[in-house]
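The following blocks contain the structures, represented as structure tokens.
Each of the next two complexes has chain A plus one more chain, namely chain B in the first and chain C in the second.
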Partner chain A sequence: MSGSDSTRSDRLSWTRRDMLAQTATMAAGTFASGALVTALADSQRVFGSERPAGPAPVTSTGAGMPAATRVEPMPAPSAGPAPSGKRRQLLLLFQSGGASQLETWDPKPGARTGGPYRAIATSVPGVQIGELLPHCARNLHRLTVLRGVNSGIGDHFQGHYALQAGRVATGYPVIGSAVAKLLERPDDILPGYVSIRRDAPKAYTDVGDAGFLGARYEAVKIVNNRPPANLAAPANVPAAALAAAERARQAADARFRRGRAAAPIDGHDTAFHRARALMQRSELFALEQEPAAAHERYGRHEFGQHCLLARRLIEAGVSCVRVVHFDWDAHQDNFYWHQIRCAEFDRTFITLLDDLSERGLLEHTLVVAVGEMGRTPQINNLGGRDHWGRAWSMAMAGCGVKPGVIHGATNDEGTEVKSGQVKLGDLFHTYLRALGIDSSQMYHVGGQTNPVADPAARPITEVLA
Partner chain B sequence: MPIDPAKHRVLSEFKHSAPLLCCEFDPAGRFAVAGGRDRQLAGWDLASGESFLLAGHDSWITLAARARADLILTADQTGVVIAWDCHGDRPEPRWRIAAHATSILTLAVDPDGDRFATGDREGTVRLWRCGDGQRTGEIAGLQHPVYGIAYHPDGEQLFTADRQPRKPRWKRWEIASGREILSVEVPALSAYRRVEDIEWGGIRGLTANPDGKTVIACGANDYAGPACAMEFDAATGVPLRKYSSPIKGFYYAALFPAVFQPPGYLAVVGGDIGKGECRLWRLADGAASVPAAAGPVAVPLETSVAIATAGPCTAMAVHPEGRRFLLAQTIGKASYPDSGKLGLYEWLE
Partner chain C sequence: MMTSRLIGFARWRAATRRGRYQGSRCERTPLSALALAVVLLGASGVAQRPAWLSFAGADRFMASPAACGAETTPVAAPVAAPIVAPVAAPVTAPVAAPVAAPVAAPAGVAPPLHQRIDHWIARGWETRGVKAAGRSDDAEFLRRVSLDLNGVIPTADRARRFLEDPDPEKRAKLIDELLASPDYALHMARLFDSLLTERRVATINSYDVAAPAWQAYLAGAFAENRPWDRIVRELLSSDGSEGPIAAGAKFFLVRDVAPHQLTRDVGRLFLGIDLQCAQCHDDPRFDDYRQADYYGIYAFLQRTMSFRDTEKNVSLIGETAKGQATFTSVFTAKAGETQPRLPGGEMLPDPPAEKDKLYLVEPGPKTRGVPAYSRRLLLAERLPRADTPGFARNIANRLWAIMLGRGLIHPLDLTHAGNRPSHPELLGELEQFLVAQAFDMRALLREIALSQTYQRSSEQPEATATAPDADAFAVAALRGLSPEQFAWSLLRAAGRYDASRPDASRPDAAASSAKPDLPPWRQRQKQLEPLERQAKAMASVFAPLPGQPDGEFQPAVDHALFLLNNPAISGLAQSAPTSLAGRLEKIDATPALADELYLSVLGRRATTEERALVDEILANASPSNASPSNASPSNAGPTGAGSTGAGPSNAGPSKAPSAGASPTAGNGTATAAARRDALQGLVWGLMLSAEFRLNH
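Then we have the complex of A and B:
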């Protein structure tokens, strides 16, 4: 790469975050194909000199050098296959807003902070969880629960990013993007990372992205189970016209590429084509093809239906699917709020595990249920619980983790971790290891190297199978 | 001499180590009890001032009501009801039942004090005998949390209120047959927000006028709006009047019991962060007078008097003799209440 190319490439690299909204839209195919070129050109013109709030990469040639966006040829796959030989996959159920650990995995009945609900016995002898999760209680022997998460973060935006990126420093890829890259195969057609959420989210829902990995590994964002819009050919447009439009798009792209670094444009182009490939598999979104019993099983609520789509996407081979379960931010009326959310989560989560298992998918799919934080042990004046990052819980199931393990403990009032403390970087390592990925490896992007996971953190070996 | 609700004095203040959520006198008026987050029923002998603690509940005690035969009934968030016999020097448990599988949100005793009804967070309404805690029936057909139950003064009918999202309802039932007589949607008390997909409002308290002609449904006007009580014609469901407090009531809407006390007044308790009140609305021309104009009439704030409390007021109970009353409160530093207070007041002439 020449020096001038590098400079231009860097500009594109740094403009990527600013273009994120457009890029995400592009990836979801919500504008006409020719707009790709326009968006890139506009963003370069307007934002080309801006620098990102990204990491100072650890490089092979010197720290702090900006990373070019060209993704170097993939190294030999480091991800170990599942016992079945199938590629491992990740299904992330993100409890956006932050679920209360005291009403879910780490109840403290009788404590000052305990709240009104009971703890109930589970299928793991001697272990109790909150009564709002009866299905989980009966299936706890299939789950791995961490009760000693100390992320130290009590902010939605930072938490959303950090709990998915495994770091506080910005600019790194979130787990979905990381998995999309690290489990990528040359013959992949579908996107590696699909994120599903309901509409009307708070802004922090979509925090977190591919970071320096570039647009190629951005999530294709699905809202309310609707397939990416505007990629399907309108029925009343003749095929010849569509072909002409496609030729025009390609010509425009070709013109735009002249004199510019190919890597960032390729990244966007790949994202575009994968979104379109997803659209060409429109049957994946045809949830009406599922029997009524499946809809009932998953729950007719949004989270249930989103999880049903997630299962179909996992089955189709998407490396990482994230379902955002919105909203757990119960600053007031926490106990009623958790009654509602837990009822949705509890049955759907176990249904999902059952369904994945019945289809032979669970043995190579890691299912993670986590939010960006927990909630305060103290109950506030509004009957709510506030943000809490010092001692909270999460759960996993599926490939790579030991079922029936309850790791970590908090003190009697749930205010501090007493044992088995884990940090957010540890979680990131653990997800990757469970997926058969060497979490100590490096990204090689644009001639620079960056550790895939925080080198200061470690996988939680106690829960890894 | 009739009492003047605007005039009152504090007789005693009983402090407790946990936020208090309910209170009651025993039928003979010898004891005051209050329940809260610490799962213990705190009691005070009104004559001696001595305090005592009663164990038996395993969760927050949120409801208390007195019944005949010297009983106080208390209910908690695990579905347990305990009947406390108050004949002796201290209340003693007479029976304890696992009345519901989930949290009990409302409990009402019939006008004779012989029967009671309970409603839970899954929409189950059950009917019981006070004397022995035997179940006598169930009202079927509700799917949403039942936050309010009130007996018609004839004892043969029952009102229920729930938190159906977007369309909170109150219903009128014939107890013997379990037949629904009337269903009234109250969208004005809905505070559903799509952003969280949560119904913040709903009817959080229900009481029937002793004359049987009107029903009061309590809630909040809007998301984080002022506390609000709406009065309906009990036979037709027509909304008659709206009583809006200046205090934000949304957060404590679940704790908005209203009582037709003292005579000629409607008392509603509630509160917001760090403050609370018991507001007494004068019932002009009797509670049952029906205005000619369509829609509920906003009752002027000037027709009310308020008793301010240090913390959010969660419950009220009036002594059997009608002059003394209790206000339960939650007290705490900053945003996190960690204790409670029970005020014993007396209305003056």
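Then we have the complex of A and C:
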């Protein structure tokens, strides 16, 4: 692993000039011609081991590539553990503020709404994505892209909640909490859900939580990669005091529990168990243990470094890790901001996939890149794009989904979904199914029965493996 | 069918419990047409269900199937009648109007309010088939009422006196004592600070009102039992410049004097209605939340603006004389215009004014605008009135929730025809009482505290398979202490709260000590000043995000890490001359020591088992177990062990089979150190217990 660090570092340190040169080469040819072969050969040189064996048909409804050409091992469909017997996991890269679909997965070059950037060819023949995502373009055969998301929400707070909870009705657990609950095993010691973000703003990101599942399934919140506060035991407290404290607390709680509503008391107790378990794994947060090359590959920016920690947590077995990637809300200078955001996202996302894949984690980890909304096709007079929930895009990779499938399409200006429309409830079902969870099941919590996912929505079978 | 309806109801309950209903705006309904059909078909089962179930759920469903996503249009609620009609609930009064005394009280003298509270609550149990818990024991009651009225647990001395007091009237006397205490004013000031500001702080656009001034304003108001209508009038009319109500401008300033935020929060906090959705369109879920209502409130506030006095470093509230409230529905494109108007009230047109007489002071870069006719002052005059629909009901409901942990209308800011009060007649009575008592909040809190309903135990009656629903008020709720209650109670348990008060157990003694020129609440505040920063720091760990109301108890891992590992907490349990651990060190006999410990932290005596536990832990505290700072603080005790689990350090040779092992002579210092460690652990452990963390 470490031996390949420098190589990888080299191959990922593309300048914008390289990128555009590469783009030009790829865009120059027609897709049926020898130019494509050149492009793919180039792609093979760069990402040799992961190039598809050859061109494969892709349809907007997601027929996908023939099995023989699929790069990632396919886990068993729907329910059940991954082939290795390992628990499936979720890595959620949340693009807070709302990424523009037009600058990323669904470019409309030349259209009135298209903006200045070009589209580039990808490793999936016949499919182009925005030129700001060159690494994704070369790896598109590993990704699953939805171009027909219609969530109907153009509000940050509501979007953050709804896109993670799979419905607009409040009080439900977000996907991270749901996964923590549904994939929980009795012998777990680590928290089921960890969320990583920078320090501010927190208003949007902290919308939504475990809902009726309760604090046990709340995210442990990591800010700026700092270990959770108070993770180390106090230095000056004698062991005898610690032991006496624990006994006195347990005895008081045992007495207090008799005849009283169990939920708040158990919740209080559980928080202590979780806290102690986390204290014993404090090395997880020691990013200095990672080689410098790893820091480079992930990118020396907030999102990159946060993803590096996320990989360690996924490796350690946390059921769901969420990384919040901030500042996509480009009401002004959209094209400038997307250049920066996409550069961060593009390289780090693919690095993550490479790392997870090399460690054998990707076969049981679903990686989802989504925000709370897309951005308006209309470009406003500040060169920005505004809030938009009607026709936007997102991407997934890893377990349970079909790689190389581009599902759904929008019209020429990107103002409406033309085919393959999916709603936010459908996304939630799909994540669960890709994680091997029966999304039609019910929660039974505190005497109440609640559907895990919106019963009116359904999994997107076209993209499920 | 029955099951489906129950599921639907549970979803609704889950969705509304948290009070964050704003999240559900602007999207298609959570209930699909399919689910709705299920609900409708389920109507045939109505007769078998308890009335309350069909009632609240059905209305809510009927009101909700609509949407405001760009591609959808509001769906007319199909056939509401089959669900709503057959319900024989004792609920008839619409929530929008005060209920006209429907009490089946005997002619002549009406029973006091606290008895009528019990009457209505008990009547609810009949219709629900609920079995109520028994009366709380004295210790349970003392702790609860001390937290609710004074914001802090009782001292061990106060607990001992109360438990030993044979007076049958001692509970009523205690309630009056607490309501008269300076701690009442300080507690209510903290409570209403978080209620009114929701822990917001002004952004860089405004200078905030200094925290001490704001606290002093609120505490002074509660100390003199200022009526609620007057407080609200002061908050809405303060311009922040000078005088006794200057600090009231905080209500505007922490919201950056943003008219839309103010409109929403005036509705939520003073009228119990969250009109957020109606900013853009009539609320598709509730017929009574109209866009015109939203802009009626907005029209009062839209001309208000912040004025920064950069010389004095204060922000003031200014106002222009121009601006009309116009609005357009994003659904229907229907446009409207409104003068100031409160929901359910009359339009209040501006008086005619000559163009050159619009201002008393023209607004300018260096001057704060003062219009000749102020819509903001009109709001301050018109809103806090008994006849403003919702005004009295809102504060009645909020005071009830403060005491019982849940509103009669719940969530507190979601009053509408589809979200009926659990006990409409009772809410009507509370409202009428407040109006008749000129918005005397202390009087209402007193009546609630006197009720059997408030004094019920949190132990469920035996043989109940499932806990009664929270809105039956049949069992006292387990509620998390507010961040401030928790912090101040930790300080009291540790002995710090009362360290500066030589005879803390006697309120009269405290009042007579020095500085007679200051009002009692101010003296108490001065006594507590050295602890203020520490209390705030601890409270902030448990506080919700700015802009969020204090919600349900949600223990989190970071809370637990703070309690386990932050020196601020373990330090509270350390031995010091005035600390609890220090006091305990001087007590030799275990029963007395255990009682002092449990009374100080949990407000009750130790049980037999707990005395034995204390005995055993102290007996095992031999020098070999004493661990000065060089000992490795291995990560605490048994994480998964039950209450009988022994700590890791108990494996030493000193682990005596019985509690009789006494410290060996000749090793006095080490023994004392070991005993000190054990005492610190005992104090700390009880502070970390669920019993301490919860109000029960």
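Just so we're on the same page, the second predicted complex is superposed on the first by the 352 of 465 C-alpha atoms of A that agree within 3 Å, B and C clash if a C-alpha of one lies under 4 Å from a C-alpha of the other, contacts with A are read in each partner's own complex, and residues count from 1 in each chain.
As a convention for this text, a contact is a pair of C-beta atoms (placed from the backbone, for glycine too) under 8 Å apart; a residue touches a chain by one contact, two chains touch by 3 or more.
Only a predicted model underlies this, so the values are computations on that prediction, with no experimental measurement involved.
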Check the residue A:302 against both partner chains and state whether it touches chain B (first), chain C (second), both, or neither. first
Touch test for A:120: chain B only (first), chain C only (second), both, or neither? neither
Using the superposition described at the top, determine whether chain B or chain C touches more residues of chain A. C
One more residue to check, A:327. First (chain B), second (chain C), both or neither? first
By the touch definition at the top of the document, which applies to A:337: first (chain B), second (chain C), both, or neither? first
Scan A:381 for contacts with chain B and chain C and give back first, second, both or neither. first
Which parts of chain A are touched by chain B and by chain C alike? 202
Under the definition above, what is the set of chain C residues touching chain A in their complex? 3, 6-7, 10-11, 13-18, 20-35, 67, 69-72, 458-460, 462, 466-467, 475, 478, 480, 545-547, 553-567, 570, 573, 602, 607, 609-610, 613, 617, 621, 625-629, 631-643, 645-650, 674, 677-678, 680-682, 684-686, 688-694, 696
In their complex, what parts of chain A are in touch with chain B? 109-110, 112, 115-118, 198, 200, 202, 302, 326-327, 329, 332-333, 335-337, 339-340, 378-383, 386
State the interface residues of chain A toward chain C in the complex, per the touch definition above. 150, 152-155, 157-158, 161-162, 167-172, 191, 202-203, 206-209, 211-212, 214-215, 218, 220-221, 228-261, 264-265, 267-280, 389-390, 442, 447-451, 454-456
Across the complex, what residues on chain B touch chain A? 18, 37-39, 58-60, 62, 76-78, 103, 121, 145, 194-198, 200, 250-252, 254, 273-274, 312, 330, 332, 335-338
